[in-house]
Amino acid sequence: MTSLTLENIGISFGGLRALDGVSFTANSGEVTSIIGPNGAGKTTLFNIITGIYQPDIGKVLIDGTDVTGEAPHDLARRGMARTFQNLQIFEQMSALDNVMAGRHLHERRNVLADMFGLPSSRKCNRESAIAAQAALKRVGLGGVANRPAGDLSYGQLKRLEIARALTTEASLILFDEPAAGCNAVESREIDDLISSIASDGAAVILIEHDMRMVMRISSHIIVLDHGRKIAEGTPETVRKSPQVVEAYLGVHGAKEAGAALA
Amino acid sequence: MSPVLRAFLIISALLLLAPLLFPSVYYYRIGVLVLINTLSVTGMVVLLGYVGLVSLGHAGFFAIGAYATAVLPAYGIPPILTILVGAIGAALVAAFIGKPILRLKGHYLAIATLGFGMLVWMVLSKEAWLTGGPDGMVVESIDVKAPFELLGIKIKTAIAWYWICAVAVVIGIVLATNLANSPAGRAMRAVHESDVAAASLGIDVARTKLTAFIISAVYASVAGSLLALFNRYVTPDTADFLHSIEIMTMTVLGGASSVYGALIGALILTSLPQMLTVFAEYENMMFGAIMILTMVLMRQGLAPAIAQLFSRGRK
Amino acid sequence: MSEFVQFCFSGLTVGAIYASVALGFTLIYNASGVINFSQGEFVVIGGMTTAVLIASGVPIWLAAPIAIIAAVIAGMTLYKLAIEPARGAPLVTLIIITIGASIFLRGLMQTVFDKQIHRYEGFSGEQSIAIFGAALLPQSIWILGGSLVVFVLLVWFLSRTKAGNAIRATSSDILAAKLAGINTNSTMMLAFALSAATGALAGVLATPVTFTSYDAGVLMALKGFAAMMLGGVGSPAGALIGGILIGLIEAFTAGYISSDYKDAAAFLVIFLVLFFMPGGLFGMVRVERV
Amino acid sequence: MKRFLAATTILATLCAPAIAEIKIGATLAITGPASFLGDPEAKSLKMVVDQVNKAGGINGEMIKLIIYDDGANPNKARTFAIRLIEEDEVVAVVGASTSGTTMALIPLFEEAEIPFVSLGGAIAIIDPVKSYVFKTPHTDRMACSKIFEDIAARGMKKVGMISGTGGFGASMRKQCLEIATATGIEVVADETYGPKDADMTPQLTNIRNAEGIQAIINPGFGQGPAVVTRNYAQLGIELPFYQSHGVASNSYIELAGKASEGVRLPATALLIPDLMAADDPQKEVVLNYISSYTEMTGEPVSTFGGYAYDGLRLVLEAIRAKGSSKPKDIRDGLEEIQGFAGVTGVFNFSATDHLGLDLSAFRMLEIRDGGWTPAK
């Protein structure tokens, strides 16, 4: 059981308040989504959770332990993984190698053994390859394992990042717009994937613009606007909050939103 | 075939066959210099090619190895052992300075490493009581023919050196290739391409960079020790800024992404000046022009360009 | 007191030369993101050409502009033949190209001129001026003034002129600059030309003090590069302050501590500054967007 | 295999020996930090070869000169030395411009038994004597002796030194410190500067302020001493000022300008051809060298070019005297040379002396009215 708790997170950039008093909890086995208009501070929030930014105030807790300000790789060691809104793919490496890199924490790390090609290092490599293959299959990229990542399509890269995060076996996974730029079919596949990851027991946090997707798979939604949390609850609650609809889509968009959210 | 086996076979074959083209000891000397350079460049491939860090001060590590070999025998350490001591010394120095300076990025890292190389150079030229000052010092020679005579082979010194360095290079390249395809090497390449993504996977970026920095320092140091033993003389030139640039240039010209690039870069830049002597005073101009032209036409370096040529040929 | 002032004069003179070189670096860096390691050769082209012309009877007011024009031509040719065709290449590749260019230019000067050391008389004579018991050469004032003027012109140019704005736009986002209708190629060519002119001017002013020879550029580039890094890449103020600081550190170390390790002291200070300010004194560390 | 054959054919054509040719090699610092030495040296060597070949060669054979530019880098110098020995098959080698490169090459020539006439200054080159190694420049120790002799003669007891950090300056600084101790003169200030530094006023300020200082010595070559001299004038220092033989050239006076007035330095006859006695054995050689060198290059002569000029002429003299161009004979011939007038001095080699010069070849000169005069 893993839970992530944010307490009163706030951060400013050059006097501009990017986040202000944001608190929530995400639990394992659930998909917690963060939604809000562009510039609401969603990705900034992700960067604080994953240790890239330091919050000015507030705390990040994993299972009750204060992890605020820990380095990203230490947070990963605590079982956190993420994908990126602007893809962060290792383009010169093969798809398989990309995912194998995700096995880092499961590998025995001894650089001398690696250089001398000792059996322990090779065994490690084999095991990582098997795990990575499995993860690639799970996201439907089993066929392109040996292609250079740079040759893959955008949709494939999105899934590659998911596979890479998956293969860390993290208990807390953050997805930053995993379906952005994907077509309906791909979107659907990613949906199912994320649901299944959550039902496998991980705590999933999701940023997504595709409302259909958010409403379908989230158990819990947090709505941000201008750096503040303006609503929180089940999809039902959020959907019904007129304040959210207005803040999120503006008055003009409200009608369309009604249609989309219906 | 695994990349390691392939590298081992190709490089060994090249090094075994090369002497067929050597009509005299002079060619063996060039061969040895190419090999010693290949060794330091291989270290640079790990640093620049794997983790993507620029160092303009690697001659500093090269000189640490060279001077360890020159100075230590006077303190009772046998010359062969000085290679190891030098390598450990270089690794410690790299670990010590790497911690603060590897946080720097791009050009800032370049100036910090450059400063390190300059400092080594200064110490070597000013502390004459230990290093002989700017005019350098004599290195105790070792009998490289002995192991061959043990096998019943009579051989000239320079030729013996060629085979010793060839073995060193093959080992160096195999180790570096092993690394490339291992967990640690994958972490390095991941850091190279995106350090945020690497960190998100639990890779300690600073540590990974430091590891590569130390490995490359050890390569340079061993190469330095070999050169000192081979030349039987060292001067602070080994730590010169221009030598650092030379190592860097060989790496980039050959193609930083592969160990083959190390060999090609070292081969070209070591033998080119020998061929250009016919141009007398135009030598420098030719050299500069060739450098520019190669980099403009082959941005990724020679090795990838050659590989492309081969694969196109196969198709 | 008189010692202190003397060390200051020494540091300021030498520092101003480093600063001028660093300003040349800054200009090209701002336009293209490239550190041009052949910047030192522009300085030498300026000094050498002037020296050779003066030696053959050309007056300084004519020799200096000719020298600067020669450097500008070299700078533009360098851009056209070596940098432009390699646009978009990895940064290290570009660095190696500029290093190749520096070797080439050195070879060229060695054949066009000679390997002798050259100098000419200072513009306002050689009689030193006594200030607070210390002696200052009039040429030092020329050098200091020159670097200040270059600095002011550079700041003005980058922030107030259309071409300067184009340079800044090109550096921050080349694609956006292109979309905004900026001819990025001619903008960069302009940056190389101006940078060469800056370097050559430094050479013209400094040669009576520093002397010059075909291979003097290496050290110039090294110090100028160090100055720019100390000040912070891309910042004209950083280049100016960085250069002068390095000059002062060298002079004071030589004067008060040990002349053996004056260059070491400069690098130690750079280490320290970068340790606490990884972007140099005036530089910014860019926050990566992920 | 085909490539191998092609390569050997090319090499064979390149290396095809012409008939009756004496091959002499040189590896010099023509570019790089010591190009100040190597450049005039290379020009002087070419000039000798031209002159000798025009006059019909030596013993009826033409001289072929092979020069490489080692940039004062010992690693490169070694490569070129091996190339000269193995590929070019030279019978003798002149050069290595600096002491550092020379020291790196000595074992090679000793092993190959090829006579090697070094142009480096350090005393370690010929002390202890090595079978195949000779040198033509005065040692830096001799220069220091000469300077301190002069200082002692003027009754001065306390001096300051400012030395270049290059090989030349560092080595000479060490010798001078030793000689100072030996002659009972105290060095009260000991400063250094980098070879390309632009301003040495801080160091000179410290020297000027040293307690009881009576004279300043500046070992170094290249532009450094000229900068030091200008700074010395800028600061208005009026102490007696000694330079080394490293700047014994008119270009020093040109670079240092009026500031060089009154500077003393130990130098060879090369600088004062007109002041030499008519019966001076060196007079003709010196005048010849000066006129042909300036005519060929348009540059003023320097001591360094003179070293190379002497070096090659000594080798040729040995060949002529022995009637053979076998390396062993050249070596023996060199050792037998007596009373050979060169531009640097009159050489008398022996089995125990591979320099062949004594202090008498050094003259203490003073710069007066922009020219050289014997110091009084």
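First chain written, first letter: the chains are A, B, C and D, and each begins at residue 1.
What we mean here is this: a residue touches a chain if its C-beta (ideal position, glycine included) is under 8 Å from a C-beta of that chain, and two chains touch if they have at least 3 such contacts.
Everything numeric in this text was worked out from a predicted model, so none of it was measured.
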Farthest-lying chain, centroid of Cα atoms versus that of subunit B: A
Most centrally placed chain, judged by C-alpha centres: B
Centroid spacing, where centroids are CA-atom means, of subunit A and subunit D in whole angstrom: 73
CA centroid of subunit C to CA centroid of subunit D, Å: 35
Chain centre separation (subunit A, subunit C; CA means) in Å: 47
Residue list for subunit C, restricted to those that touch at least two other chains: 110, 260, 263, 290
For subunit D, residues that touch 2 or more chains besides their own: 30-31, 165
Where subunit A touches two or more other chains, by residue: 52, 84, 88
Residues on subunit B engaged by subunit C in the complex (per definition of touch): 48, 54, 100-101, 103-108, 110-112, 114-115, 118-119, 122, 126, 196, 241-242, 245, 248-249, 252-253, 256, 281-292, 295-296, 299-300
Sites on subunit B touched by subunit D in the complex: 20-21, 23-26, 29-30, 33, 125-126, 128, 133-136, 138, 158, 227, 231-235, 237-238, 273-274, 277, 281, 283-284
Of all residues in subunit A, those that touch subunit B in their complex: 50-52, 71-73, 76-77, 80-82, 84, 88-93, 97, 100-105, 107-111, 114-117, 121, 124-125, 128, 164-165, 168
List of subunit C residues in touch with subunit D within their complex: 3, 6-7, 9-10, 13-14, 17, 110, 114-117, 119, 121, 126, 128, 135, 137, 206, 209-211, 213, 215-216, 219, 251-252, 254-255, 259-260, 263
Contact set on subunit C toward subunit B in their complex: 35, 81-82, 85-86, 89-93, 95-97, 99-108, 110-111, 218, 222, 225-226, 229, 233, 260-261, 263-264, 267-268, 270-271, 274-275, 278-280, 288, 290
